Amino acid sequence: MRKHYDVIIVGGGVIGSSIAYFLRRHTPYNVLVLERNKIGSEASSAAAGMLGAQAEIHEAGPLYEMARQSRQLFPELSYELKEISGVDMEWVDKGLFKTAKDSCEAERLQDLAAFHRANGQPAEWMDVDELCKKEPNASAELAGALFLPKDGQVNAPKLTQAYAQAAVKLGADFMEYTEAVGFEFAQLGTGVQTSAGTFYGEKLVLASGVWTGRLAAQTGLHMPVFPVKGECLSLNFMEPVITSSIISKDCYLVPKQGGRLVIGATMRTGTYDRKVTAEAVGQLLEGAIKVVPGIRNGEWEKAWSGFRPQTPDGLPYMGKHPNHSNIYFAAGHFRNGILLSPITGQWITELVCGRKEEQSLNEFAPERFVLEQMKG
Amino acid sequence: MRKHYDVIIVGGGVIGSSIAYFLRRHTPYNVLVLERNKIGSEASSAAAGMLGAQAEIHEAGPLYEMARQSRQLFPELSYELKEISGVDMEWVDKGLFKTAKDSCEAERLQDLAAFHRANGQPAEWMDVDELCKKEPNASAELAGALFLPKDGQVNAPKLTQAYAQAAVKLGADFMEYTEAVGFEFAQLGTGVQTSAGTFYGEKLVLASGVWTGRLAAQTGLHMPVFPVKGECLSLNFMEPVITSSIISKDCYLVPKQGGRLVIGATMRTGTYDRKVTAEAVGQLLEGAIKVVPGIRNGEWEKAWSGFRPQTPDGLPYMGKHPNHSNIYFAAGHFRNGILLSPITGQWITELVCGRKEEQSLNEFAPERFVLEQMKG
Amino acid sequence: MRKHYDVIIVGGGVIGSSIAYFLRRHTPYNVLVLERNKIGSEASSAAAGMLGAQAEIHEAGPLYEMARQSRQLFPELSYELKEISGVDMEWVDKGLFKTAKDSCEAERLQDLAAFHRANGQPAEWMDVDELCKKEPNASAELAGALFLPKDGQVNAPKLTQAYAQAAVKLGADFMEYTEAVGFEFAQLGTGVQTSAGTFYGEKLVLASGVWTGRLAAQTGLHMPVFPVKGECLSLNFMEPVITSSIISKDCYLVPKQGGRLVIGATMRTGTYDRKVTAEAVGQLLEGAIKVVPGIRNGEWEKAWSGFRPQTPDGLPYMGKHPNHSNIYFAAGHFRNGILLSPITGQWITELVCGRKEEQSLNEFAPERFVLEQMKG
Amino acid sequence: MRKHYDVIIVGGGVIGSSIAYFLRRHTPYNVLVLERNKIGSEASSAAAGMLGAQAEIHEAGPLYEMARQSRQLFPELSYELKEISGVDMEWVDKGLFKTAKDSCEAERLQDLAAFHRANGQPAEWMDVDELCKKEPNASAELAGALFLPKDGQVNAPKLTQAYAQAAVKLGADFMEYTEAVGFEFAQLGTGVQTSAGTFYGEKLVLASGVWTGRLAAQTGLHMPVFPVKGECLSLNFMEPVITSSIISKDCYLVPKQGGRLVIGATMRTGTYDRKVTAEAVGQLLEGAIKVVPGIRNGEWEKAWSGFRPQTPDGLPYMGKHPNHSNIYFAAGHFRNGILLSPITGQWITELVCGRKEEQSLNEFAPERFVLEQMKG
């Protein structure tokens, strides 16, 4: 195993794997990905895989723009990664409904439709009859739904695997079960101390999800990331109950291949406790049955949890370390890591190559909370 | 593998395994147990393991008597099976609460307490304060509980394993993955046609739980058994939430070793569909949280189902075939197979040896629904 | 749930699901599939998914012809089922190697190459250098390999799911956990007695794999089917070790998406014992490491078994019941059920519609062993 | 949740849980155990549970003595923990065989027998006939075996659970999913910074197995601990194949309740890679079948791995921090953590209370490699 690389990526989740893929695809750099556990074993496999560029982001700004751009990359990426890696990310473009349970919610969603249209994005309000025409199992008690035709979904674990396998195929090295525990600032690039020895990278990309804050601290940077636990469960149906993803106030429902349905997700802030609680299971099921009553007949499959990496302002960190010009960050994507993975991979690759202006990512700057800390 | 046995038992659940154990313990007969799947893989492992001799039976009669006698056998049996097989059935004698959610239920349970005491069995009514003194996590909203100090519990899969391993140790043969598909009435005992050839037994015991009715039909006997599906789930707690088992109207809670809690069980009649539904999970959790609110923090483990073998009058079948004097039945124990397994093993052993009068089991006679069918 | 159908298929494996799909695709018949367990839960999921039209069949005859035709259907079927069902069968057309470990085996395989070419099928002998150029991880100790470029592979559980989901989408009904236990020959079609009541079909198709012989016996037909247990295991690799499937004398290796490798399969005749033995695991690993030494570093995933349905002459049963003109059989596909599933679905559909001459399937006639039995 | 404790134990494996138990049993200290994952989720559950006081230690010295004393504690501890916690550790005292495959190994083992007897410990040489009388399934090809009648075994995960549950019952607090990431040397005891905030302990005990070296470094102490990966697998038998544990040169075999057999363990030094390799599985099976040929028919259950915490001189660390008089270590038990857990729990408790002289543990001193490092 070689010890020196052009680029070392710390973190083999959907973000790190995407960056590895884009780097190998578009640059001659040799690349090593260090992953503490197995590829895609944390938030990246816990995710339901919605591409909610409009569903998840409700205000204009850099994230809205970035999300739209990233969503756009999926059709081609899906084809490309299948070709290279053999892995199908199960990309589906059947749109997404946000349901309203009463007139108050309906009004809010109609405003949202207007907002999206004003921003040039399709968004259609449907009353309950129209909704039930498209999703016959939706509850007749609903007050209608906002339909977002461009918000699709993928199989999140498969997407991560597709990135990683494609990167491997293109020559990247991946080391699983290899935890980065410290750094060594040497002349020949930066050393990453791991449980399997020290590896040296000309450049480093730290993409360790919710654990990136801790690594940043070891490089002397205050870059806060908080865990927001999400609990999910899945059911199986002989005949799929829904075709498009559905989001209500209480939960979301994402239909997968073969009649499988993923129901998510709770939001518990500030804990690393992995357990799926009885309460979470009960609430998710109750919420889901309200939206699609036929869910009560689904066959229980399993439950799981993951930790979304949250930042104080809701924007991810993407950019250079203020003091170490060869260290980059790509973390803090919160609920949108799957959706934002292609554009993140692309932008970080451009940044690392010097093809992208740092300023263009100003809003995502890793050091944006440093001052605040000093004041605080 | 030999082909002729003194006794062949069809069914390697808790009943068949108990009979094999008692036969090897108290008779010189050589014994073969035929099991379609693995030992204890159906209702016997799905059971929560309550020994609800008083909790489950609310009227005087042969079942009440039988259940009391069987419960009494556990302390010694627990010791004995551990000695012989090395397997601990995890017998616990911490009693059982039946909780009342309102005054109406409370009254009913007080009547029940009186009934049990009239029958010489201990039963104590406790108001909610007393209950919460014994079970501090019980809901303060409850209207009290009936305490049955003698109703204990065991680990049902371990009990079956203990019987089977002890029987093996004492010389019984067990064939797993061997389905009985038909019979051959020959001179040298009865042949049991299986997927692994035909085996001949001087005597047969059919103990196949809910599938016994179908086998009986193949011997020309109408002996109806109906499936009643039960769905269960389990949670884990670092600190056990309850000490005794608790039964409410909606569910029961059985605390297992190491902070594990089993919550059961639904009742769905007439189906062999194994799936655990979303609805069942939701209802069990809701019911359990009402009785012990702290359950909401439990860690989800898993969910499963099993089929209780029900009979038209609620009594099991135990006795001889009306037309084949060498065929015996032991099936239809409904919700009480775990509890009744020792006495069933003992009685069938005595019957097979001729040490027990057939008439003593009249109420459990396998042919008791034949006439009805002819009229019907 | 309706009780009368045009066609009832007994068995929801890859064969029954394929027939359901082709029937709904090409006829107006309403269709019910009865499955004892879950869809695709037996041999269909145990299979490694090789499409060994040439690798598995070494002599001219109806099976060779049928296999070639069936293999040809996959490219379009793969596209079509993905479109309709959303499920990707992961069809891969990277060919298949049969390796020789010494000159004796090499000679035999060169003869085989000649045979295939004589029959108009591509087949290329490669010495070990050529082999290692295409599969760099193959052992340099091998004596070469026969390359069959047209023999591909699919994900067997996904294929079954794709058929079933597509059939559901096109209107077929599937009942899982519903065992067919007997027949009722009535005026309004034939009744299938199940654990969920009796269903009537104008026509029946019995497609229950290794259990079809027993059902045939209940219709008065001697149609022998024997179980041949196969044990398999799977490993994971960060970087895939092989690209094409490889068959040696001892085992076969089938590379799946994402670096997964399936290694199969033992052949144990005449048992229904599901257990995977220590010996099987040891032998498969030893055999596989001989062919591709790098396999020793693979990560253990799991082991499983399945029962191939074998017939006395190695040909499947496809055709009409000799005495009941509305009962059809499609079973006994042995090691080739995955490969033969499309053509079987197509032919049975044509037969049921009267669009195919019965005589064209003479060699596969279900009654072909009846006479033999009478003599025997 | 309180924030200040008398004693905080970092690590909820068998060592940390034992210490928590002994502390609560024998002192009035309030106790918190911090566990990164779940209780007993690392080496403690991977262990086969042999109590090889004589089998594992072949030379006189402090470890030999300590192991003997610890082994002696099990009978009573087993009873006591069952009483308090309800959890049965499945302690078995059927002895242990070390088999010789040839005369050379036989000679070595006979010398070992002499050594043990000279040290007052029973040890008996048996030729192959005697061995096969006691273990009829042992291979007749063996050259005999050394029998160590006092070396028993327990169920390792259950032992850890028994300690933890008993400690909880006696008032200890356990926090799972709570990783210690740093220390804070304050006036009010030492702070342990965790993913769930900082907790303060008058005294700390670091008992984090193979990860203790890294924590020690954070307190300024060089205390090397190396991982030695062990891979294991388990099989099931309807009838147990052996009664006592058996150790050969290649592997060990430990019979568990209900016909389960654990086969271990490889030794791979210096890696944290958790994967169980194909090679390991193959070698363990091959080794095991050589000793007990009937193992080939066992039913595959599963495979797993764990990391033994090794120290440069093979002795565990037990004692005080050289510079922080309120920090204690208990780690580095290598292959003997299960066996040594009671005595470790006892000694550390005595040390923490001041009831044990520090000097008595001189050979286990945490700082014994500091000087060496300074020289090195």
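Brief remarks on what is shown
Order as written gives the chain letters A, B, C and D; numbering starts at 1 within each chain.
Here is the rule we use: contacts are C-beta pairs under 8 Å (C-beta built on N, C-alpha and C of every residue); 3 or more make two chains touch, one makes a residue touch a chain.
Chain labels with UniProt names: A, B, C, D = glycine oxidase.
The shown structure was predicted, so the numbers you read here are calculated from the model rather than taken from an experiment.
Contact count check for C-D and B-C (C-beta pairs in contact): higher for C-D.
Averaging C-alpha coordinates per chain and comparing to chain D (glycine oxidase), the farthest chain turns out to be C.
A straight line joining the Cα centres of chain B (glycine oxidase) and chain C (glycine oxidase) is 40 Å long.
In terms of their C-alpha centroids, the spacing between chain C (glycine oxidase) and chain D (glycine oxidase) amounts to 48 Å. Residue positions 176, 275 of chain C (glycine oxidase) are each in touch with at least two other chains. On chain D (glycine oxidase), the positions that touch chain A (glycine oxidase) within their shared complex are 176-179, 181, 195-196, 214, 227, 271-275.
Against chain C (glycine oxidase), in their complex, chain A (glycine oxidase) makes its touches with residues 39, 85-88, 90, 92, 158, 161, 165, 168, 174, 176, 238-240, 257-259. For chain A (glycine oxidase) in complex with chain B (glycine oxidase), the residues that touch the partner chain are 235, 275-282, 285-286, 288-289, 295-300, 303.
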